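Both complexes shown next keep subunit A, but they swap its partner, so subunit B is in the first and subunit C is in the second.
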Partner chain A sequence: MTPVADNGAGRIAGLRDIALVARFELGEALRSRLLVVMLLLFVGGGALGAWSFTALLERIEANAAKVVGLDANRRPGKMVRDLSETRSYREMLRLFLGSQEKADYFAAIPPIVVFFGWVAFKATPWLVLFTASETIASDVASRSIRFSVLRTGRLPFALGKMAGQAAIMIGASGLAAVAFYVVAGSTLDGFEHGKTALGLLGTWPRVVLYTLPFLAWAMLASMATASPNMAKGLAIGGAVILSMLHSFTSGPALRRGPISNALCDFAQYVTPFGHHEGLSYPPGGALAGDIAICLALTVLYFTAGFAILRRRDL
Partner chain B sequence: MKTVMIPTIALLVGLFLGGLGPRADVRRLAAELVEAKREAEAARACGGERQSLFPVAALGALAAAAGQRTQAPVPPPRFVKPTGGGAEVSVPDAGAERRRRGRLPAESLAAAKVSVEMVGAMQRAQFFDQARLSVDKQAVFDELVKKMNAEIAKATEDLVRMTQAQGSGRPTFRPVADAATRVLEVYRRADDELKAGLDDVGRAALDKTRFDIISQIDLGAFEKVAQAAQRQGEAGGNQGP
Partner chain C sequence: MTGAAQALRLTDVHKRFGATEALRGLTLEVPRGSLFGLVGPNGAGKTTAFSIACGFLQADAGEVSILDGPGFDAARLKGRVGALPQDALLGRETTCVAHLTYFGQLQGLAGRAARREAERRLDQVGLGERRRAKVKTLSHGMLRRVAVAQALLGTPELVLLDEPTSGLDPRHAHELREIFRGARRQGHTVVISSHNLPELEAMCDHVALVDRGRVVAAGSVDVVTGRGEEIEIELGAGPTPVEALTVGLPNDQVTWDADRRLLRITFRPGPDRQAEDVIGSALRALLDGGARVSGVRRGTTLEKKFLEMT
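The block that comes next holds the complex of A and B.
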């Protein structure tokens, strides 16, 4: 590794160092079986989500068949697929979503993809917070960071760690989508392979984008403390506080005038929660804004964490 | 780090400040929309006598609306104190009035549509499954259903047109009976066509699943009839005795 100099060659060396640290991070994750745990969590989560969806459909269809005096289908899914092509399905969606345009958009997507998006947007950030928050804190705790930062700068080191974790997250969430597809495809009747695959492929990068600020938040916690457990607690506890901040400031309870409205709106810009709205419904007009906020919060959290790491006595 | 941090914070602050005006507009418009909806709801609840009817029976309701309008007891104006009683006049709230009168025809239709279409989708799936229909035959079936629904929609539209042409007077039962006959004829024809196009497996599936093409009728075809019945009811209520 090469210390970063303030010129073009130095920058290239810095990028090489980042890639090297990321590669070692992946290797370390494999060695410490973190990768196995993550894959189990994500792939298991994806498979479990698809299986839950199938089981739910089976129960609904069996009950509905009983009510109307029919035999239940051997494999669930047919009724929902047929129903999703009716106008009533759109009307039901409109009642749930409160908007005709949203209902039309989601009605055109296979229900399994909508379910995957919902589960992935809700669960992936927490899984990432759980698995990525120890990465630098454990090196600080074991003092092994001292050997790394002798050979490269602290910034390439931290960026490499984050890149490694991001690579794990991107791969694991992609595999979760594959597991979702395989389980749903093998259990659902009338499964639309092409449409579902395209839908999952379109949802996956948006989930990754939404998860990036959470990864940066986990890195912040990891850079702010010297204990892996403390980092995990800080990452998850802090995220709980951020989610509460989002919930309180979204509702009408705290919005009692122009100033409180402005403060509540401002609070929405410091938490990543809720910014999947534009990502999950691109025609709504909030896509660009949510992408910008997710990326900006990623940078903000990471740099806040790095400001602490830079001053830390290793 | 500053070179990255400062633009990032500037972006977030810019998004926040730039959104202040539009967000305030959205909040104001949302509040106005809620208020407008509430007022429209209250106005409808204070309208004339309504019928709670199953949407398929909307054809009959159109004619019945005018008849029952004349028989319905007419409530005294709210500002008139009832004679023979010392109790104070209570002004019923719009919600209670609405609950007492039940759903509007169009609302009943919307509520029934979801369940009827769900049952229809299930029966269709069961029938396709048992009859082992090929993709071509499924397409023929879908075309048949589409044609049936188009003809039914035409019949109901004609009925609405005829009743509208009659003006504000009480609609006669004959156009309703004619429309109902047309609808039944369309159904019978579609049913015959379906049965004629099936092989032995398909006919056995019909018996086994007790599938009937009537389950595929699109209740949306009756939407205009329900709306017309609703308008008749409202006009009756607003006309008074």
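The block that comes next holds the complex of A and C.
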């Protein structure tokens, strides 16, 4: 037998264990077909999103063509592309976004990419909450976790589990972007391949960053209970409550003084919803701020979950 | 026993699950290099004690010392402790060898070495030909043997096995017992919990009887069963010269169970007086008195001791 070289670095051993657990998690997902289901969900979602966008455009453009007396029997997309190059489109964006800089940034992005970002920011977190929340809870329920935590600490185990789920999420959301690109490219008229590909490549890591706190929230639920169903319920139910909290605290109804304002602001920071706004913006303060918040929330949720797992009976 | 002589020590350990008090001040010392049996009825606390030793459960009170350190620390004990947890399931879709290779790597073996070790252990438990079989295709007995193989991976100094032969056919149970004896001969400490008392008595050199969350008797099998200080002689129909025997063994305690026609002689062993000497003296006195001896046994059985104590 060849033991791994003892370089005296427990940290390196910990990192190796995290990688081993993550790799095994990926393998288990593949073998149990969970990965296939996830990929189908994400790729199907991407393709469906692109198809919905195309169908919507087709209807809008057909109606508009009728009104102005143009040829309605052509592939959708041309009219929107022409529109996006007009001054009035930029002016509309400036009024909508409240900033010339942001308007210029979004005007340079193909509308299909903006639509992808909107769909991905809305859907990916819920898909991850649905698929990742059982990962540790099911191991505790079957007690298979005992085989692993006898050989590595609970922290490397939990981090490895999260890394494995993050790898699945990153791969699946990337494939969703590819599916979106392929479907949109084959159905839209005047599809800008290069610009759209670059736009999707730029949006994908932002979606991943935005989804990380949701993944950590799913891990929190998974570490808090030994029942896979309970973990799923906690993850999704808790996220619904956080979503409502985010909505209530962003409106004026609860903001009636300095203290309530501060509490509402605090609630806005600690809920994972809404931070895609900064992530949608061009590089700068808002983007950096929301990246920092997403990473901080990821650490916060995971740490809260691990505080439970660290002490609990397995 | 000194600290260094013990592989595992639980001192006054308490554990409660809701209203149920699973461990009530359990104290247990496992000598290093021993093949140690943990015996007790269902619900006695054996699995709870195992789980606390392995760090799966947190004790409410008490101290745990394992391989010369306080409590279970996965980093400190990496690769030094193997365990067969009761009722823990392996992933159904994964092959036996993939599971064991992963566990081997997690306990510090490099990739190829872990694979070789996984295959060696699967061969050892008679599953070499099923190494690439998915866990879901294995029978209960095969699953048990895979689980035993994972506990023995590498060179663990301490191996804790909870009901390792449960559900196995006699041949495979025998083969596993030989593997455990082999592990002990190589200097490993092996702790086994089981309901099969004759199996433990034949295999183990030390034993602890657990009942209602406490250890009620512990020590070497000879001491617990009284092999070194107790003799049972069964008599057939005919004369029962108990008086003559009592006179012949004035320093020993002789009891006669007329219903079972069983004589029990309790003696104090010394350098010049071992069980063999007492057996000789007793048989001479009995045969001189015309008794018909139908059986002699050193000490009592672990099963009888267990029934007496629990």
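What we mean here is this: the second predicted complex is superposed on the first by the 295 of 314 C-alpha atoms of A that agree within 3 Å, B and C clash if a C-alpha of one lies under 4 Å from a C-alpha of the other, contacts with A are read in each partner's own complex, and residues count from 1 in each chain.
By definition in this document, contacts are C-beta pairs under 8 Å (C-beta built on N, C-alpha and C of every residue); 3 or more make two chains touch, one makes a residue touch a chain.
Since the structure is predicted, the reported quantities are computational estimates derived from the model, not experimental observations.
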If we overlay the two complexes on their shared chain A, which of subunit B and subunit C does A:F266 touch? Say first, second, both or neither. first
Quick check for you: in the superposed arrangement, does A:L300 touch first (subunit B), second (subunit C), both or neither? first
Touching A:A108, do we find subunit B (first), subunit C (second), both, or neither? neither
Check the contacts made with subunit A and report whether subunit B or subunit C touches more of its residues. B
Identify the partner contact of A:A292: answer first if only subunit B is touched, second if only subunit C is, both if each is, neither if none is. first
For A:V36, is the partner it touches subunit B (first), subunit C (second), both, or none of the two (neither)? neither
For A:D17 in the superposed arrangement: first (subunit B), second (subunit C), both or neither? second
When the two structures are overlaid on chain A, which partner does A:E61 contact: first (subunit B), second (subunit C), both, or neither? first
Let me test your reading of the model: by the given contact rule, A:L254 touches which partner, first (subunit B), second (subunit C), both or neither? neither
Is there a shared patch on subunit A that both subunit B and subunit C touch, and which residues make it up? none
In the complex with subunit A, residue positions of subunit B that touch it: 1, 4-5, 8-9, 11-12, 15-16, 19-20, 23-24, 27, 110, 113-114, 117-126, 129, 209-210, 218, 220
Within the complex, which stretch of subunit A touches subunit B? 61, 64-65, 68-71, 73, 78-79, 81-83, 85-89, 91-92, 155, 258, 261-262, 265-266, 269-270, 289, 292-293, 296-297, 299-300, 303, 306-307, 310
Give every residue of subunit C touching subunit A within the complex, in rising order. 51, 54-58, 74-75, 78-79, 81-83, 85, 87-94, 98-99, 102-103, 105-110, 112-113, 116-117, 150, 154-155
Per the touch rule above, subunit A residues touching subunit C in the complex are 1-4, 10, 13-14, 17, 20-21, 24, 27-28, 31-32, 142-144, 146-154, 311-314
